[in-house]
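Take a look at the structures listed below.
Two complexes are shown next, each including chain A; its partner changes from chain B in the first to chain C in the second.
Moving on, here comes the complex of A and B:
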């Protein structure tokens, strides 16, 4: 609609009346941009600015405890250092193990729990609340709790394993590089599998029961129904859940910080923990920024590849 | 009777209340200053010690309200850095000596030189107490209490086996081997190879004759001596089997629990854990205290201080009152009695409650030879990100002492570059 829809101003007041001016503007094509402006400003302030600031930091010398070095542009210095940094490569490898194993276990257990709870058997409502409890615990609490339960001196898990004959003696799970990562993955799985349970349960409610009835008539067993109905119908939800959890796992060092601090040696050092240590132990925000940019790019690539491979967009 | 709340009656009520308020005693509106205090106390005894000091302070300064905020040690630098960058600093922050240079470099500390110089209790403190919190003639804090390194040992076990208290690291190794019986889950030495263990490793290297930096700021680590130190210290686990297998992940909680529960015969810590140990074992009967043994190069025990610093100008006068209160003998002794942390004030350290207790004799001896922690920008980061992980690699058989020390030297070069 054009301005012609509005009658021409009849008095001087009509020409300067702000309400009339807004009314006229609302009839133009600029109106939608004006409406978007507050959101765009908010997104710029809380998302775009910190992201771009973090990225530019990775091209600067920025060591908070060395003001004598200044904050000049160093271009790709931090990235070049990264390529030659063995800790970076160890962290990258550990991140892959940490994320892949945790996601696989969390998804598997989350799916089984959701399928079980979806059967609406007596007591499932109470069970659903109990299953979701670990997810409500802050990482710090969950980490310290498990550190105590797996403690080689006073840990209840060691005690149980020894008493049942599964272990000969108490095991220092986090002090042995062969078991430290596995123990941390178990803790992470325990803490976060309810996230998958929650989302998958919501997805299961949306699958029409008729599909299962028809499959029953066609003679499809439980496994065939899971493979041919349940999983394809949950594809979008699973894709979203996996991407969200991968982002969470790649970016959050807190659980590993509490359980192992990346040790023993570098056996549980992951990228987020390395970036955290670089920033807050070494105060090298330039290098930490470069590590964060690499994590950001890897996550973008993963999300893009995963969505393409899972063919979610084709639905 | 019906009460009517119309406009007129509300105005009358408001006017009456305003007039009545003018008659109230002025003291009811006396200004109370609030300050917040960031500290890293974690144990129950430390919390009890802080409560004691706060109670005494409240009685002496009812007009100043102190809000303590616990910042766990592992998160401390992240939190204070964020607070400095975002402008949300606390009024007073507890700063350990190895963090001083990093915090000063990032502009977190307020110059306290004039306040300290005109302080009536300044003469109670030896000049050396301020060395680790001063730079270029400026003072940035006041020692609140001292960390005096010492060791705890199981006196009952030593007496039973007729073992003398070790005075050198070689003697300690022999004693640790003698008191170890892995089949029974007993180990001679509670080796701290997890969080916080980095400073002990640095101490060991110095004890073997390898300082971290030279006086001119260049790398002082002597490769051969540092290797000997790492090899010896890690050897307590990997060669002698005299330390618990969990050593590579054992931090403060684990070594204290190991000692309290009878898993280990000796641990290296400071006086701050005395009350925690004494809460489980009988002082002078089940456990004793001893000075840190001498190494082949030197006898190295840290005499460090927890400094209270002003971290923002706002409320600085009230912050100063709180900071200097820690130097009052009554406050210092009250804190010692709850925790075991030694007073930083030389006057308070002469209190009969301290010199009359034989369990503190080892700490009093250490005051004569203890030295401060190496402090330079990047020291804490290097210790935590390079020294500790590389030492752990030796403990888990992933690297030799030579490889670990080479990586530590490379890490140090990077930290001071």
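Moving on, here comes the complex of A and C:
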């Protein structure tokens, strides 16, 4: 006679089935937060923490070459110093000139290039790639290349200008306070106008051809069509491109660092460069932090005001 | 208002000739419909009339003026596009008044003209909205408003109802007809929809492969199609084609098809030259009636399609399929034999080789 087969004894683990638990959790409203958690943690680690750390640094004394001063909280000391710092004001003014001039030129040339390339004439596909080439170059490479081309002794541009009679003698473009900023803006424009070309071209492809036909019949000339149809329809793209470029230009000191290092004198000193030099030349991280916070706030204010003024949200 | 003359217009894209020697004369206040399947060249012809496309030869004359080298804006035309082509960033008011704005019409006149057009189209309440906030039918009205506000010599419509649903299409069709009756402006209207062509046009040009197959009044096109293409393109269900040999019997003509013969007692065409030859008889489905009086056809019922007001019966007549439009209560059973009386006065005979009407 065989023994009766009894079921195994029940334990507390019998009620726990991980797959079923996940399934049940996915039906609740907490599931969304759970899915967001990994990215939230990553953003906290690489964006939020450094930002908050940088901000708190601006309220502390933090000079690597003056350990005797300690790292105490100094509240608004750096900000107060900034108000009385003539270099800060020069940098702010230069930043405004640097950003507005570069963006105005980049937008204008980018728009013209995009409109030309959008005509789908023979060879435009190849031209489109060629026009985008400068943007593929890293800032550092582009900076060194132009520094060489504009070199006062062996630069090809000086040579060309002298040979064509436009210039009497070789000129040190980056050594003259009157021309340094303009020369740097030209280099920056050359490097980044393809960004506008690329985005505007994408926008132009989305404008129906029928609108231009209707405008032709309505009697709108080429300029009126550009002003009343093309530009309004590109508004959102232009707004996005301008904001991205402003952020890029305000935050990145690399091109100016290579071309002029802020000189001659302070003629090309911009805020990002000043903050960079304050941190890595003077080792004054507290003041550099305060400068960065000011840049951050200015950018936020700019983006907010620009979006409001361009009425992008209304469409 | 003006007359329109299209004289020998040709258009080629490279080696492909899309319009071949088009000649059309349209009277002042006429409504010309360019009808044809996709790729027949009707929209290209409209673009050439508008000046949006250049022709490879020929002349476009609006009124007394040859406009071949005149810019679209100076042709005094207005166009309604299939996509409506409303300027998305402008309000309805500005969209309608845009043509006047570009012509430097003073703001007061502009405003009153826009209001007048809006009132005519019943869109006064939409004037401050943007096109994106409108339904398809409302956009269509705005597009028409933009066209009528300029009081042009010529209205051009490029498949304006294609993007609307079936019900709205019928409504807007009526609206366009009413507008034309009221304004009396000369219209050129492109469509592939034969119902639009039949209901709207005073003249219809049926096109195929860049050639006008027939240019006539809608009823003539329906009753006396110039060839088998036109006959098959106009009418729904399409015209039946019954192939057979034309013979003389008892002093009259008969169409022998298979083992049967269809007496053509009231034939309106002079087909004497075709006696003894193969022909194709075009028979409209509504000219076939159940019954055994007069000339008759007998076939086996293959498919019965009730449509509500009518019933479509597809018969196999000696191996050839014919459709008859019969009353909604006449529903024969599948497979049974059915005899249909034929209105032979409405029959069209075609040459099977050329496809042309005899």
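In this section, the second predicted complex is superposed on the first by the 301 of 315 C-alpha atoms of A that agree within 3 Å, B and C clash if a C-alpha of one lies under 4 Å from a C-alpha of the other, contacts with A are read in each partner's own complex, and residues count from 1 in each chain.
Definition applied: a residue touches a chain if its C-beta (ideal position, glycine included) is under 8 Å from a C-beta of that chain, and two chains touch if they have at least 3 such contacts.
The shown structure was predicted, so the numbers you read here are calculated from the model rather than taken from an experiment.
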item: Chain B versus chain C as contact partner of A:125, first or second or both or neither; value: neither
item: Partner chain(s) touched by A:311 [first = chain B, second = chain C, both, neither]; value: neither
item: First, second, both or neither for A:262, with chain B first and chain C second; value: first
item: Touched partner set for A:227, first chain B, second chain C, both or neither; value: neither
item: Which of chain B and chain C A:217 touches, first, second, both or neither; value: second
item: More chain A residues in contact - chain B or chain C; value: B
item: Shared chain A surface residues [contacts with chain B and with chain C]; value: none
item: Residues on chain A engaged by chain C in the complex (per definition of touch); value: 208, 210-211, 213-220, 224, 228-229, 232-233, 235, 315
item: Chain B residues within the chain A interface of the complex; value: 74, 77-78, 81, 101-102, 105-106, 185, 193-195, 244-250, 254, 257-258, 261, 263, 377-378, 380-382, 384-385, 388-390, 392-393, 395-396, 398-399, 415
item: Chain A residues within the chain B interface of the complex; value: 64-67, 151-154, 169-170, 172, 174-177, 180, 257, 260-267, 269, 276-283
item: Chain A-facing residues of chain C, complex; value: 50-52, 71-73, 77-79, 81-83, 85, 87-90, 98-99, 102-103, 130, 132, 146
